[in-house]
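Inspection log for the structure reproduced underneath, given as C-alpha cells.
Which chain is which? They are A, B and C, in the order written, and residues in each are numbered from 1.
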Amino acid sequence: MFKYFLKRLAQMVVTLFIVSILVFVLANFIGDPVNMLVSPKAPPEVREQVREELGLNRPILEQYVSFVSNAFKGDFGKSYIYKVDVLSLIAQRVPATLELVFVSVVLALVISIPLGVYAGAFPKRKSSTLVMGGSILGISLPSFFIGIMLIYIFSLKLHWFPSSGRGATTSFLGMNFSLFAPGGLKYIILPALTLSVTNIASLVRLTRAGVMENMRQDYIKFARAKGVSTRKVLFGHALKNALIPVITVFGMEIGSLIAFTTVTETIYSWPGLGKLLIDSINSVDRPIIVAYLILTTVLFVFINFVVDLLYTVIDPRIEFR
Amino acid sequence: MKKRTIALILSVALCLSVALTGCGAGDSQQSNPADDGKKSLTIAVLNDVVSLDPAVKDSSAEMQMASHLYDPLVDYDTDLGKKPGLAESWTVLDDGVTWEFKLRQGVKFSNGNDFNADDVVFSFERILNDPTLEMGVYLMRLQEIKKVDDYTVQLVTKIPYPVFAGSLIHIMMLDKETCEGLTSEEIAANPVGTGRYRLVEHVKESYIKLVRNDEYWGELPEAETVEFRVIANAATRTTALINGEVDFISNIPVMDVERLKNDPNVQVVTNPSLSCSYMGFDLLNEHGSAGTDDPNPLLNVKVRQAIYHAIDIQTIVDTVMNGYATVANSYMPSICVGYNADVERPAYDPELAKQLLTEAGYPNGFYLRIDARSDSDMNADQVSQAIASYLEKVGIKTEVNLLPRASFYEKVSAENLQSSFFMAGWGDSSGEGMVIFNDMLYTYDGKPGMGEGNKGHYSNAEVDALLDQASVEPDQAKRAALVEQVDQIARDEAAYIPLFFKDNIFGVRAGIHYTPSADDHILAWDFTF
Amino acid sequence: MGEMKKMGAAPNKSLFRRLAESEFFHNYKRSPSAIIGTVIVVLVLFIALFGPLFAPQNPYDVASLSLTDSYKPPAWEAGGDARFIFGTDSQGRDIFSSLIYGSRISLFIGVVGTLLACAVGITLGLISGYFGGRVDAIIMRLADILLSFPDILVALFIMTMFGRGVSKLLVVFTIIGCVTYIRTVRAEVLTVKQMEYVDAARVIGIPNILIIAKHVLPNVMTTVIVLSTMKVGGLILAEATLSFLGVGVPVTEPSLGMLVKNGFDVLFSGYWWIAVMPGLYIMLIVFGINLLGDFLRDEFNPKLK
C-alpha cells in the first residue's frame, strides 16, 4: 500500500515537471509582451530597457530555473497588464468563481436529484420521458448558448435579472463575496444556472439510472414485502446506493465545472478566474497564463491522486499495480 | 408523495426566486450615488489606471485621472486652444529657443506645501532623467530647464519650436519636497497634487474615489465627490446606467445607442472624437505583398488611388458605425491648425478604380491581405470586412486577418513592418496638423520624435522639408498654409486612406448636464447639475 | 420472437435481411427517439452536403455582399426582407446560408476529428495491449495525465499556444479524444491475448499483432460505434465552445460556434437572430446525434448506462 502511495506520488511529481516545462516553453511563443507594456510611440531604447527589466533577454534555461524556484515561493511575477503580483491577483478572483460554482452546485443538486428520483421511480410515465428528453436536450446545448438564451429571455425580455456583471460585495472571512450583499444574489442566478444546466442534465440521468437499477434489486423487493412504504424504500435504500456512483462522477465533474466557468464568466463578465484567463490569453499577459496553467495542473493532479487513494480505501476489490 | 416532495421543492424554489427579484429591485436604490446632500458623480470607466504617477503612462485613462489630481503649467482652452495653468504667462525670448514661464503664486499642494519653481524643475528633470517614464515623449525637444527665481523658470528647446507650450499640457507638477527620492510606485501610492480633486481611495480594478479640493486656485467644479468605477464590459456599463447605479458611461457600442435613446432616464451625448481610423500601405518593401514574392503593387500610386476610389466610406459609416462617425479626409481632425474643410476627398467610384488598376498593369487585380485588430474600439473587425467586400468588387482578392492587440502591433510596427495593408488608428490632442504629420508622414529612420506613427514608411522629401519649415514657423496662418500643402501632397499620392473619425458616444443620467471635452477626456468639471 | 421462428432457416442470409429481421431493428422501429434522431442526422447531413446548391447566397463570397443589407431581422418580423429568411448579420450575410455553410465546417471537424481519434486510439490501444511492458506503461501514463484534465481546458491551452485553425483543432481533438478508444481496445486486447486459439495461431507463424487485431476488433466494434457517435456530438460542441471563446476556427471559415460569437456582440442591442439561429442549429444537430447515440448504447451495451 505504501509502495503504491509512493509510486503515485512520484508519478504526480513527474507529471508536474513535464507540464511545467511544456507550459513555460510554449508560453514563450505567444506574441511579444513588450508591445503590451510600452506605448506604440516608444523609441527602441525604451523597449530594450523594458526587455531587460523583464528578464526576457536571458537564456531560456535560466529563465526557466528562476521561474520554477519562484513558483515554489508563490512568486509568479507581476502581471504585464495589471502590474500587480500574479498570485494575489488570482487569489482576488477566487471568491467570485467559488461562489459561482457553489451556487451552481446547489442548484444542480436541488433540481436534479428530485427529478432523477422521480424519473427513476416511475420510468414509464410520460412525465418521466419528458424529463429524460429534456436532459438529452440539456447535454446537447453548448453552455454558451444556454447563457445567451437565458440572458435573452430573463434579462432582455423579462427584465428579471441583470444581464451581466457581479453585484456589490461584502467581506466574509477576509474575501469579497457577493452572495451576502444586498442585491448581490440577482446577479448570480443566471450565471449559476447556466453553469449548472449540463450538470443537471447528466445528474438527472445518473440518478435515474441508479435508482432504476437499485429498484430492481432483491433487497428492495424484500423491503417492500416487509411492508415498508415505497417512499421509505426509495429514499432510505435505493437513493443511498444510487448516490455512490453519482457522487463519484460528480466529484470528477467539479473539474469540468471549473473549466466551464471560463465560458460562463466570459458571457456574463463575471470577474472570476475564468474571465481572468480569457482576458490574459487575449492580451498575452504571460505571467498570468503561466501561473494559471501551473496552478490548475497542480490542482487536478492532486485531486486525481487523492481520488485514486480514496478508491483503494473505499473499494478493496480494486487492484493497484 | 414523491410528487409532493417535488412539488414542495419547486414551490420553494419559485418563492425564493420571486423573493430574490423582489429584494433585488428594492436594493438597486442602495447602490445609487449618495443622496446625502452632496453633489456626487459616479463615472463608469473601461479600465483602471495602471499608476497614479502622472508621468508613467502616455495613455488616456492615466492622463485623464492625472488631470483631476494635478495641474500642468499650460492647460487646454476650448477647442484644444491653450490657456494658463500653473503658469500665468509665458513668452519666447529672442533666441527663439528659451521659453520663460511666470508661475502662479499662492498655490498649495494637497499637503499644504507651497508650489514654486523648485517643484517645476523637479517635475521636468525627473522625466528627462528616467526613460521609462512615457511622458518623456512630449519632452523630446527639451534641452534643459533652469530656475530663474522662485516663480520663474526657463525651458530651453533644442531647436526653435513655436508650438512647444502645447507639449507641456500633459506634464503634471509634483511636489519636490514630498516626491524627491521616491520611486514611482511610492509616488503613485500617495499622490500629492495641486489639482481640483484629492484622492480618497483607490481599490485596484474596482474604483477610485475623489473629493473636491475646496482650496483649488481656479474655478471650483460642481461635483464634490467623484467616483470612477471600473466596469470593463459594455453591456454591464449600459445596464448600470439604466439602473441608476452610475451617472455616466462612455464607449457605448454603436449598435446600442438606439436602445439607450429610448430610455427616459438617460441622455445620449455625442461629439466627434480625435481618433482617426485609417488604412496604411506598405511603402517600404519592393517585394512581398503579404506572403507572396510578387512585386509590391502598393508602390504604384495608381494602385493606391484605385483602392481609395473603391471604398464607399460613407456607407460604411452609415451601416457599420451606425452613423456615429464622420468621414475623414485627413489624419487631422477638423479643429487642427492646417485643416481645410474645402478639400475634395477622392470619391467612391468603382469604375474609376478598375480603370486605374488596369492602367497600373493589374487588369485582373492582385492578392491583398488586410491586417486589423480584432479587439479595437473602432469596429476594425467589421470595417475591414466591409472594405474587403468593396475591394473584391473591383477585382482585388482580399483576405482579412484579425489579430489581437499584441500580435497586431508586432506586425504593424515601423521598426519591423510585416504588413502590406493595415487598418489602424491614431489620436492626437495637440490641435496642430504639423504635430500630427510629423508623426504620421515624416520619413521614419529610427530617430525619436519623427515619423513615429508612419508605420508604412511613407517618404517624400518635399513633405519633410515643408514640415521642417512648419515646425519653426511661429505665425499660425503661415504654419497652416504649409500644413495644408503637406496634406494635399499626401492626398494626391494616396499615402494613406483616411477612413473616419468615430464619435464619442456618452450616456448621461437625466438631470445632469455634460459638456464633452475637446480632448476626449472625461473630466469631472464638465458636469453641471 | 422473430428470431425464434427463423432458427431453422438457412445461415447465408444477406446482411440486409439479417439486419431487417434482427432484434436491433425491431427495437429501433419502436423507439421514437431513435427514429427522430436518425431523421435529424440524415437531414443535417443532407443540408451540409448539398446545401450550397440551394443556398440563396454564398456568405463566404465577400464580393456578393452588400452592406446596405446588414442587420435585417428575420423575414417574419417588421423590417424583415423576404430574401433573408433568418435575417442578416453586420456585413449583410444571409443567416440561413451561413447556417448551411457553417454546419459544413462544424460537421467536418466533428466527424473527421472522431475518425482520427478513433484510428489513433485503436492503433495505440492495440500496440499498448499487445506489447505490454514499457510501451504499455508509457502510453497508459500519458492517457492518465490527459484524462485528469477537463477536455475544454486542455484544448483551450493548446489552441492558445498554437493559434487558431481547423487542422490544429483536429490535432487537439485527436489527442484528447483517442484516450477512451485506447482504454477500450487495450482492455479487449488483454483479454484476447489469453485465449488459446491465439497461441495456436502463433504456432503456425502468423504475425502476432494481426491475429490480435483480427480477434479484437469485432468484439470492440459495437462499443467503438457507440463511443464514436457520442464523440461526434461532443466534438461539435467542443469546437463551438472554443470558437466562441476565440481560440477555435479562424474568422474566415466561420463554424456555427463562430457565428454565435459574432452575434453575441450585438445580442444585447436587440439583434438576437445573429446569435440565436446558429445556436439553435447546433443544438438540433447535437440533439439528433445524442438521441441516436443513446439508442445505440442502450441496444449494444446496457452495461454502459
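Following the convention adopted for this analysis, a residue touches a chain if its C-beta (ideal position, glycine included) is under 8 Å from a C-beta of that chain, and two chains touch if they have at least 3 such contacts.
Keep in mind that this is a model prediction, so the values were computed, not measured.
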Per-chain Cα centre nearest the global Cα centre, belonging to chain: A
Selected pair, greater C-beta contact count between A-B and B-C: A-B
Chain whose Cα centroid lies at the greatest distance from that of subunit A: B
Could you state the distance in Å from the CA-based centre of subunit A to that of subunit C? 24
Rounded to the nearest Å, the gap between Cα centres of subunit B and subunit C is 47
List the centre-to-centre spacing of subunit A and subunit B in whole Å, with centres computed as mean CA coordinates. 39
Flagged in subunit B as touching 2+ other chains are 235
Listed in rising order, subunit A residues that touch 2 or more other chains are 30, 163, 282
Sequence positions of subunit C contacting 2 or more other chains: 246, 268, 270
The residues of subunit B that touch subunit C in their complex are 235, 238, 253, 255-256, 258-259, 312, 315-316, 319-320, 374, 381-382, 385-386, 388-389, 392-393, 398-400, 402
Subunit C residues touching subunit A in their complex are 33, 141, 144-145, 148-153, 156-157, 160-161, 233, 237, 240-241, 244-247, 257, 260, 264, 267-268, 270, 272, 275-276, 279, 282-283, 286-287, 289-291, 294, 305
Touch list for subunit A against partner subunit B, complex: 30-33, 35-36, 38-46, 49-50, 82-84, 92, 110-111, 114-115, 117-118, 121-122, 160-165, 168, 182-183, 185-186, 189, 231, 234, 269, 271, 282-284
Subunit C - residues contacting subunit B, complex: 62-63, 65-68, 70-71, 90-91, 246, 251-252, 265-266, 268-271
Touching subunit A in the complex, subunit B uses residues 1-3, 5-6, 9, 13, 17, 20-21, 23-24, 27-28, 30-31, 48, 50-51, 57-59, 131-132, 134, 137, 204-205, 231-233, 235-236, 239-240, 243, 375, 404-407, 409-410, 413, 415, 439, 446, 448, 452-453
